[in-house]
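Each chain gets a letter, A, B, C and D, in the order it is written, and its residues are counted from 1.
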Amino acid sequence: MVDRILNRSHAAEAQADNVTAAVWAHVQQARNLKRPHTLELLKAMADEFIELHGDRLFGDDSAIVAGLARIAGRRLVVIGFQKGQDTEENIRRNFGLPHPEGYRKAMRVMDLAERYAMPVLTFVDVQGAFPGAAAEERGIAEAIAKSVGLMTRLRTPIVVVITGEGGSGGALGLAVGDVVLALENSIYSVISPEGCATILWRSAEQSQLAAVAMKVTAGEQHELGIVDAVIPEPGEGAHTDPAEAARLISEAVIEQLDALGRIPLDELVEARFQRYRAYGPFTVADRSAAPPERIGIADRLRGLLAGRANMPAFPGTRRGGSSGHEEE
Amino acid sequence: MVDRILNRSHAAEAQADNVTAAVWAHVQQARNLKRPHTLELLKAMADEFIELHGDRLFGDDSAIVAGLARIAGRRLVVIGFQKGQDTEENIRRNFGLPHPEGYRKAMRVMDLAERYAMPVLTFVDVQGAFPGAAAEERGIAEAIAKSVGLMTRLRTPIVVVITGEGGSGGALGLAVGDVVLALENSIYSVISPEGCATILWRSAEQSQLAAVAMKVTAGEQHELGIVDAVIPEPGEGAHTDPAEAARLISEAVIEQLDALGRIPLDELVEARFQRYRAYGPFTVADRSAAPPERIGIADRLRGLLAGRANMPAFPGTRRGGSSGHEEE
Amino acid sequence: MPVRLPFRPRRDTYPPDLWTKCPGCSEMLFNKQLEKTLRVCPHCGHHFRISAKSRIEQLVDNGSFVERDDDLQPVDPLGFVDLKSYPDRLVAAQLATGLRDAAVWGLATMGGKPVSMCVMDFGFIGGSMGAVVGEKVARAGEAALAERIPLIIVSSSGGARMQEGTYSLMQLVKTMGVVERVRAACVPFISVLTDPTTGGVFASFAVVGDVNIAEPNALIKFAGDRVSAGTIGDELPAGYARAEFWFSHGFVDRIVTRAHLRDEIIALLGFLAAPPVAGVGEPVGGTGSRPRSLLSALTGVLVGENGDSRNGDSRNGGRGGETNGSRGEATRG
Amino acid sequence: MPVRLPFRPRRDTYPPDLWTKCPGCSEMLFNKQLEKTLRVCPHCGHHFRISAKSRIEQLVDNGSFVERDDDLQPVDPLGFVDLKSYPDRLVAAQLATGLRDAAVWGLATMGGKPVSMCVMDFGFIGGSMGAVVGEKVARAGEAALAERIPLIIVSSSGGARMQEGTYSLMQLVKTMGVVERVRAACVPFISVLTDPTTGGVFASFAVVGDVNIAEPNALIKFAGDRVSAGTIGDELPAGYARAEFWFSHGFVDRIVTRAHLRDEIIALLGFLAAPPVAGVGEPVGGTGSRPRSLLSALTGVLVGENGDSRNGDSRNGGRGGETNGSRGEATRG
């Protein structure tokens, strides 16, 4: 659809506008405040949930909840982001924007999962980590890095469900898994569309174009191999029938857990590592194509751009790497 | 000497006063602000020292220093308490009273010691952990517990040197080792004499009696088996000749490291565990001495106290447990 | 000749036919009634301190507790004398509590599942930890390790016992050493912090449970003596160092009222179970099988594993006035 | 037909016969002189950004660096277009830097000891991390693992590369996965954070070195874009998110001036050496033998292990105006 935006014929432009509007509607849907969050989903899915609190270092972050849950007879550790249901709760939960303590609590509870042989299920719905100084100076970067690192090696199955907004590193801190599922109306991106537009378009108003360019929708992320499967949402979206949404999620999660539970742990962890090891396509240049004599940069640029047939892969290269999941 | 204080004949009283004065002079010596601290000792002992900073969680505690040192050609991790040399430095170092970040930094650096096969050397000289709310609320208790726990299982030799005041849990957080040495004028106690007096005598003014009762001096702690060996101090004390004090410490430490280095790690860690597992004498009561009929408490108390021949061990019990090191 | 210590079970420091004034709300409470509410004020929820024996009775399946090592007895390694001699203090504490020292440990079942449990008694020299208390905590941990059954420690202590000097300080190391082994072996450890849990007990095993549970308003802190001795003159905020303070500072997982404590622990035991072999535990999907314990054979007192409840329903009466059972719990089917 | 990319080595963005105004102190600095001080202002100590190639030259033993995987080339997996197309940005960056992407990795020696090194180049699309950068970091880590030689990563990056979308985000996982394996294998990892190290690079490998070193005043932060985009309106204090800020907040071990960086790393390598077999390492007293590396045979370029210095003393001239080499260093014999 990006190509369409570039070929600015009137028809194409109209079509691009349609696409952009559709993508943006999807983004709005993913951000709908009424969507069920971790605790609402657990209420519907779990027979039992014992929330655990605190990072044993500094505090208890209410924007990330974690605990022990029994779902369809299975013992699980469940960790997820939690926004408020109303203004008061939203303030108490910092509008769902986590501080480092949230990820450190998550790691502590993941450690319990590993030691007591419980699979981990995470629900991801966060605009991003809290961007203020309090989170920064207490090491939100360190907390996310460590949580991601722990999840690459945790010796128990991990199923991730992107339920709303999978926003950047803040989301990734709980989103490393053997299986990554996504609700139909969810999004996942390396940076918020607003952030991307601010940097690349130098205007937050171009967020819609950024959302299109980054292919943020669950469906597109599935095509890219980042998301393994998309879970359909009931009615006009998960918030219109949270119980049914929870049922669909539960069904999908249990199916995955059953499959993962049959894989020996060593293999499981190795496969998870290899999954992420493989992400990100690149090519290998033809070494025989040696650099030419140095000439004026402007001329060369012009010539190059004119002669360029078709990116992505530069001509004269052979394809290497993989887009991760597609390779398996 | 406690017995002497109890038998209040005049001669004995005078003698008790002498003992008390001597013990208190020892305490003052241990607390002499001019005694060399970790960095001063390292300056004299180490060919090289690279200080490492920060707990990777919240801050860098300047009351505990940690780093990589080369002493007599050996790679070591050295961790120790650090007071200031003058008022300004004392303020910057919080008068040598550590916050949780100090112990968490220590644990991080101990982990490096284990992974890169460097023995750990600690210097202990601290009145106690910082007793204020900032340390409390960030988990000084948790930090000390975890540091003690880590030291019970760290897979590398640990040599502890009590150089000044070994005060309570704050000191213990860096004082678990395969070998515990103490400078001649140092002290080691479960609580500061002032704290003990406040609680048991209900007056901080009885600190001197508390110091006597707790047997705080290095020599007494050696007799109790808590300290393995006492390192003599030069001249009027370590502060009168820091270079010579450092040389004597270095000599003692290297001798211990040589011995510890010959022990396979599994055995070393097991022996360390068993050392601390055995500390603290107790007895096992004779089960045939069944509880009598219930009678008036006061009468019984009186009768008991009169009939009691000699504590510690209650009559009718066989001795069990051990005083730790003495058993080996 | 053995002197027979006049051990007598501590019945009740509050005679059942009298009244007690609640320090929380100043209501006069009839002791017999208070006993039925597990010594929690039905008006304001104030949790009175209780003895180790009462605590155990409230937690375990009826009659399942088998005490171990009740014959361990403290000695006086330093010849310690303050205003009284340590032996005198020991005898007085023994007479008052019917205990030989400030901790009781043993094996029991909770909801039919075997556990190793150690409970401290504040009535014995402030629940302070000397060699015997450290030894009992260590043995409880070692039994949990050997049987691969959960370790439950209920703390109530002023900290290390000064009268045993640095031997008491070494109990922090002894207990942490064992608890680290329990952790490494993937054996569960639930720490219950009750009023008060301070000093060296808070700075060792009590703070490092897989799950830390605290009773409401329990005083929990490390720097007890020196703050109170005026070393630091900070103004301390209301609620400082209480259970709720530690909850918000991230060191307590859950605050649970006494009425819910047993159920809460049983619920946790439904999740925290040592896998068959430490650190291995191949395919972990499914429902998490736990190995049939050999404990029954050893103790000879365990109720059937299916027994998820016990009798003693009388205990469940009279719990009116309790507020919500546990903080931050989202759902509980 | 292959299009031959006009790769040219970036000599110097500052022609040597001209002057540059220091953003730190506004002094006019003669570029040739600036080059001699490793692009550090001799007046105020301002550290100018430098290219990956310059960085490597400054750090490794002369001529010892053998680049690996210089043929890895980015693609455009999303067909990304903003104000320019991603391929256009790539070509422009390649022309400007002579690099195919924002990282260079290879094997080298420092003070005679083999290392695996990966250096980022901020000049290439802000040093952003897409698939190629992530791959190079991962391969550098894997080489360190395979050879059991220290891993050294010098970061200089605006974070994840937006144009590769979530593939860029996945580079955080890829790199952390490898770094976790490096750690588990007891292979040393020194992370050098230079101006700027932000976003997903700070939130992955850069923050988790065994030792984290930062250059003075380097901007280091995670929440770059959103703070600057005005999402949060907090007043930020002076020095916020600079190297010294992170030092005082406990995330940076040492702040080291560029003039001392090589010596500092070599000194650290004298301590941080992978033991013969991961996690085993029987008796650890003595002087810590390190296994004779097989690397020499593989690279064929290493200098002798005794060589603790290199030539290139000219580099050490003209370092006047440098202040203390590293913060908080106590003694250094």
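One rule holds for everything that comes next: a residue touches a chain if its C-beta (ideal position, glycine included) is under 8 Å from a C-beta of that chain, and two chains touch if they have at least 3 such contacts.
Note that the structure is a prediction, hence the values are computed from the model and not measured.
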| item | value |
| --- | --- |
| Each chain counted as touching chain A and chain D at once | B |
| Greatest separation from chain C - chain, by CA centre | D |
| Interface with more contacting C-beta pairs, comparing A-C to B-C | B-C |
| Chain centre separation in whole Å, for chain C relative to chain A (CA means) | 43 |
| Chain B and chain C, separation of their C-alpha mean positions in angstrom | 28 |
| Distance from the mean Cα position of chain D to that of chain C, given in whole angstrom | 52 |
| Shared interface positions of chain C, touching two or more other chains | 207, 249-251 |
| Of all residues in chain A, the ones touching two or more other chains | 56-58, 138-139, 142 |
| Chain-level touch network, classified as line, ring, star, complete or other | other |
| Chain D residues within the chain A interface of the complex | 1-8, 71-83, 85-88, 91-92, 95-96, 100, 130-132, 134-135, 138, 160-162, 164-174, 176-181, 184, 199-200, 202-205, 207-208, 221-223, 225-229, 231-232, 234, 236-237, 240-241, 245, 249-251 |
| Touching residues on chain B, where the partner in the complex is chain C | 2-3, 5-6, 128-133, 135-142, 144-146, 148-153, 168-169, 172, 176, 188-192, 194-196, 198-202, 204, 209-210, 213-215, 221, 224, 226, 273, 276-277, 279-292, 294-295, 297, 300-301, 304-305, 307-308, 311-317, 319-321, 323-324 |
| Chain C residues touching chain A - in the complex, by the definition given at the top | 183, 186, 188, 207, 210-212, 247-254, 264, 267-268, 270-275, 281-288, 327-333 |
| Partner chain D, residues of chain B touching it in the complex | 39, 42-43, 46-60, 65, 67-68, 70, 73-75, 101, 105, 112, 115-119, 156-157, 257-258, 260-265 |
| Chain A partner contacts - residues on chain B that touch it in the complex | 56-58, 138-139, 142 |
